[in-house]
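Lettered A, B, C and D in written order, each chain numbered from 1.
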Amino acid sequence: MRYQAIVDGAGHELEIEEIGSNSYRVKLDGRTFDVDLRPTHGSSFLALVGNRTFDFSISTEGDDLLMISRRGVNRVTLMDRTRRRLAASGERAVAGRVELKAMMPGRVVNVLVKAGQEVAADQGIVVVEAMKMENELKTPKAGKVVEIKVSVGQAVEKGEILAVIE
Amino acid sequence: MFKRILIANRGEIAVRVIRACRELGVETVAVYSDADRAALHVREADYAVAVGPPPARESYLNIPRIIDAARRTGAEAIHPGYGFFSENAGFAQAVVDAGMVFIGPRPDAIHRMGDKVEARKLMAAAGVPVVPGSPGTLETEAEVRALVEKIGFPVMIKAAAGGGGKGMRMVEHEKDLSSAVRSVASEAQSSFGDGRFYVEKYLSSPHHIEVQVLADGHGNFTHLFERECSVQRRNQKVVEESPSPFVTPKLRKAMGEVAVRAAQAVDYLSAGTIEFLVDGDRNFYFMEMNTRIQVEHPITELVTGIDLVKAQIEIAAGGRVPFKQSELKQNGWAIECRVYAEDPEHGFVPAPGRIDTLRLPEGPGVRNDCGVYEGSEVSSFYDPMISKLVTWGRDRSEAIGRMRRALSEYMVSGTLTTNLNFHRWLMDNPRWIAGEYDTRFINQEYHPETMAAGADFEQLAGLLAAAFAASRGNHRPPQTPAANSGIQRQSVWKTLGRIDSLRR
Amino acid sequence: MFKRILIANRGEIAVRVIRACRELGVETVAVYSDADRAALHVREADYAVAVGPPPARESYLNIPRIIDAARRTGAEAIHPGYGFFSENAGFAQAVVDAGMVFIGPRPDAIHRMGDKVEARKLMAAAGVPVVPGSPGTLETEAEVRALVEKIGFPVMIKAAAGGGGKGMRMVEHEKDLSSAVRSVASEAQSSFGDGRFYVEKYLSSPHHIEVQVLADGHGNFTHLFERECSVQRRNQKVVEESPSPFVTPKLRKAMGEVAVRAAQAVDYLSAGTIEFLVDGDRNFYFMEMNTRIQVEHPITELVTGIDLVKAQIEIAAGGRVPFKQSELKQNGWAIECRVYAEDPEHGFVPAPGRIDTLRLPEGPGVRNDCGVYEGSEVSSFYDPMISKLVTWGRDRSEAIGRMRRALSEYMVSGTLTTNLNFHRWLMDNPRWIAGEYDTRFINQEYHPETMAAGADFEQLAGLLAAAFAASRGNHRPPQTPAANSGIQRQSVWKTLGRIDSLRR
Amino acid sequence: MRYQAIVDGAGHELEIEEIGSNSYRVKLDGRTFDVDLRPTHGSSFLALVGNRTFDFSISTEGDDLLMISRRGVNRVTLMDRTRRRLAASGERAVAGRVELKAMMPGRVVNVLVKAGQEVAADQGIVVVEAMKMENELKTPKAGKVVEIKVSVGQAVEKGEILAVIE
């Protein structure tokens, strides 16, 4: 099976073949490795590559896999060819457009601007309260407020778009 | 000693107090909001009482319900932990009025130290040095501007009723003043129900160093040396150590004496902390007193051998401070990393969620005070702490080595994000290792956007194979890891189901 | 310092050594049998090499494979842990011959102390008191009978090549002599490849007390005080403490000096232990020297603050004992409970199996050195240890209180049986609490057949409801405990599966 | 649902009714309790009975449930009426007969007697090795060896019958 793998933003050519019940042959950017893989506890895997051991816990965020190990967290996206094409054509169309997203689940306690208003870089747009802390979310660049997607008192999820500035 | 104690708190501190009680042979009563029905502190307690819906103000901060829960379960005393009611004189008084013992200082001491502006006045009168700033509270942005013209930027704007790093903002530039005043006033009102605030000069390169005190009802006032709390983000502590690498023996002695004097000035009882700002020339100024047990108390316990929570309970039961000042020594070095569900790469914002896999460090010199378990939820209703990871070593270098090792064993996965990588970064930072840092440290040194995780080819091959297997659902946990032993793991639930079908 | 170390062991001690290495910044190589492919020590190491099938003799005790694994991974030194090769002079020599460093004593010291009969002679010559018994080895039951007629029952029959409580039997009555001689000779042959044995007088009410020694290559011979190891079942230690409640300051001084003399007599290097029998009148006799790190080393680490495994590694790299004898003090009290997969209600027989749920104690004063994880298997191929639970307190009473508390947090379920209930019983036993026990303690005091678990009506109602729900399969884990939070737990595997189906 | 519950050897009359998604009404020897039950981690449950908390991990051994809590281990057998009758009539028929069972998984290293042989109380019958310890299993009472079910070198499971003496 051939994939395009994006690990922490860097693309890799990947070919994986299951060669046994716990073994995989991995061809990575032209180099080949045999990987012995065992599930251990919860969503964890122990991988042996040659004599090196790697212990991963896995979680997901959207379509990405987060590979959590003692060395840190690596973000992995696996895509087959179709998907890769889609991604390549669909992205970057929104350059120049800023989507202000909630960094955490919380509640909107204040909206400081109106749709249509011109804003300066670093100007406060929305105030979100979570864990008793109020966080004033600012726009990283100057522009015009296209849309305010939330209102005071509304609960927001992590990653939810609060406002769009162009 | 008490027969039964109610803990008016949740999370790791509730578990910490339950442990102290169990070691003393005292029964424990947990209280829980609807979001915490199966939380760790409920599992660990002997009794548990529901006190209301998830928002704290309707449950953990509901005085009549907490008092009623204690009455119904026959609790003789209430431990408030930190946060929630721990520095609420009204609650302490309500406990006393209900004929129970409040495990902490007398209501009057909480009240006098709780108003930060009054506390500044009181300490100045007792001869304790205080930071230059507004003599009383301010009410308008104009008043703030007038004061700042006199003492100059940078300044700290602080809620008069605040504490614990909440309700405060540092302002360096005129352009940020409006938004800061607005935030503090609003946060002070919503968090503490008291919108008053005051302004202090923000010291140029300050250390945040605090002294633990312990006092009993028999006239013994003692201190347990200092904690260095200068590693802060969002004006809140994230890593602490004891001793402080910045404190000299002379400074330690002076700060200890002043801390005891401060405690005596309010006829203090139980465990408390005097927080100081210390400038680059080692001048120190009273900042505030925390009239409760603190998050970072374990590092003092590891260095002195004293169990502060058990001491609190024993003192509340009429006992004495369990040592003489002259007997106490700092033995070795302890470091605490607060493990939070937060995102260091995005301004350390809280990032709560569900914990799918939780692997905790163990072994020599490691103490982990955890408030969650695998499968549980770090709720967005409360403080997003996962645990306090503390290491001890014979010297600072061994304590750091152990922390580095313990962090390498610590794994959390799920829908939350943790600050474990921040701590790993810190333990390798040369300035931290050299002990040369002050409260500006994280702002100056931590630039996550320039840091790449880095993975060599073999690691990449391993992680991509794991990612591939996981995304195909090839390995569905739980399965036996000992596949070669020939024993197939069978779900206990499956077995149980089969037994039942035989029975029917 | 070494760049990379191979650990020729498994289980908790392999993990313990990996932790020490990681704290020193040294890389680690694990070896594993086919049964241990996903064992904890493999997960924790940086490198891992397969060394053969499950039976130890074909893997962990296979010298060429272990040496080859070290060569292939570029390891510069080998740590043997305890058991397996730890007291095998031939292995130590093979490591040296392969140009690597053996982390432990020189082969000659292992050899001289390994033959228990020769060691007795050597110690007697060095002026160290030894237990009355056969001057050399015996070969037949008739020889044993002849000696016993001289020194009288009870006697201990011990394998000359034995140690660690294995290959020995106490005989009180003539009728049990035959079976004991047969067992020891057979066990000695099969376990140590050396069927020789000897006989010692079994002291009437002995204490088993040992002294930790540490020596470097620079002429420093030190001791780290005593460990009390008298709580034994099947002639093997199960609970240890330091200090010993039986040892007076005078006895401590004398035993420490004799232990150092014994170490000097074999030009000892690294960590080792001199085991003594101490009779009711506090006369002490050399029993044997363990030329390795011991299972119970953590209690000495907690009381002295010295990391013995790191000291072993540093000494092997040419370093020095990291303290002066005069600097060392016993600080507080430490207790170790060995948590085994064994059945105390049926003669403490091993009861290995799969671990379905594992809940480990944490918090102040608790150290747990664990060799397994949830979902892993305690294999019948190896020692059935689950973990070593160690607590520290300012005094014995606090250490016991903490152990009681830690045991209450410790839960293991699965197809195995544990001795946790035995430890819980012990921590409530009045003779143990008073510190008045010797090696006969368990035989005299522990009568599981007369102990009822006891449950009141409310507990019964709770457990029957849980049993009912479980047997109906009503609750299939994993599920969200925070059912009220409105967030439904969804399997990560389900999510992953869905993502994958979108992709294809 | 009515059951006969045996807890640590003592019989109890039990009636259980599910009154909500996490609630059960338990009638135990005539007394009634409401139990709130939540699964927590692995095979664990947290039970609230009134204001008391009980945290159980559950495992099975044959038809028994082992309820592991901070207070110790309780062995529970739940039986409906049919099953109870079976148990009552079927047991005790083997009084006077000794089944020597393996206490642990291991390997037989020696068989010290033969079928048909008369043995004395406390006489060694079979030697099993496990964890490098050899354990000589003895008969608790005198009698005649009816059957030796194992041979030297054979692996045995925990609870497996090694020999029968009558």
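Everything below uses one rule, namely that a contact is a pair of C-beta atoms (placed from the backbone, for glycine too) under 8 Å apart; a residue touches a chain by one contact, two chains touch by 3 or more.
Remember, predicted model here, so these are calculated numbers, not experimental data.
Between the interfaces B-D and A-B, more contacting C-beta pairs are found at A-B. Work out the mean CA point of chain A and of chain D, and you get 51 Å between them.
Our note on geometry: chain A versus chain C, Cα centroid distance of 46 Å, whole angstroms.
Remark: chain A and chain B have CA centroids separated by 30 Å (rounded to whole angstrom). Counting partner chains per residue, chain D shows two or more touched chains at residues 38-43, 46, 48, 52, 55, 58-59, 65, 78. Counting partners per residue, chain B has 37-38, 44, 356, 359, 373-376, 408-409, 470-471, 476-479, 481, 483, 492-493, 496, 499, 503 as the residues that reach two or more other chains.
Chain contacts here follow an irregular pattern that is not a line, a ring, a star or a complete set.
Pairwise, the chains that touch each other are A-B, A-C, B-C, B-D, C-D.
Residues 1, 3, 5, 7-8, 12, 14, 16, 18, 21-22, 24, 26, 28-29, 31, 33, 35, 37-50, 52, 54-59, 61, 65-74, 76, 78, 103-106, 109-110, 124, 127, 129-136, 158 of chain A are the ones that touch chain B when the two sit in their complex. Residues 15-16, 19-20, 22-25, 34-39, 44, 54, 298, 301, 305-307, 322, 331-332, 354, 356, 359-360, 362-370, 373, 375-377, 379, 394, 398, 401-402, 404-405, 408-409, 470-473, 476-485, 487, 489, 492-493, 496-497, 499-500, 503 of chain C are the ones touching chain B in the complex. By the touch criterion given at the top, residues 36, 38-43, 46, 48, 51-53, 55, 58-60, 63, 65, 78-80, 83 of chain A touch chain C in their complex.
Taken together, the chain C residues at the contact with chain D in this complex read 166, 179, 183, 186-187, 190-191, 234, 343, 346-347, 349-353, 356-359, 374, 380, 382-384, 408-409, 411-415, 421, 424, 452-453, 455, 457-471, 474-479, 481, 483.
Contact residues of chain B toward chain D in the complex are 29-30, 37-38, 42-49, 72-73, 373-376, 492-493, 495-496, 499, 502-504.
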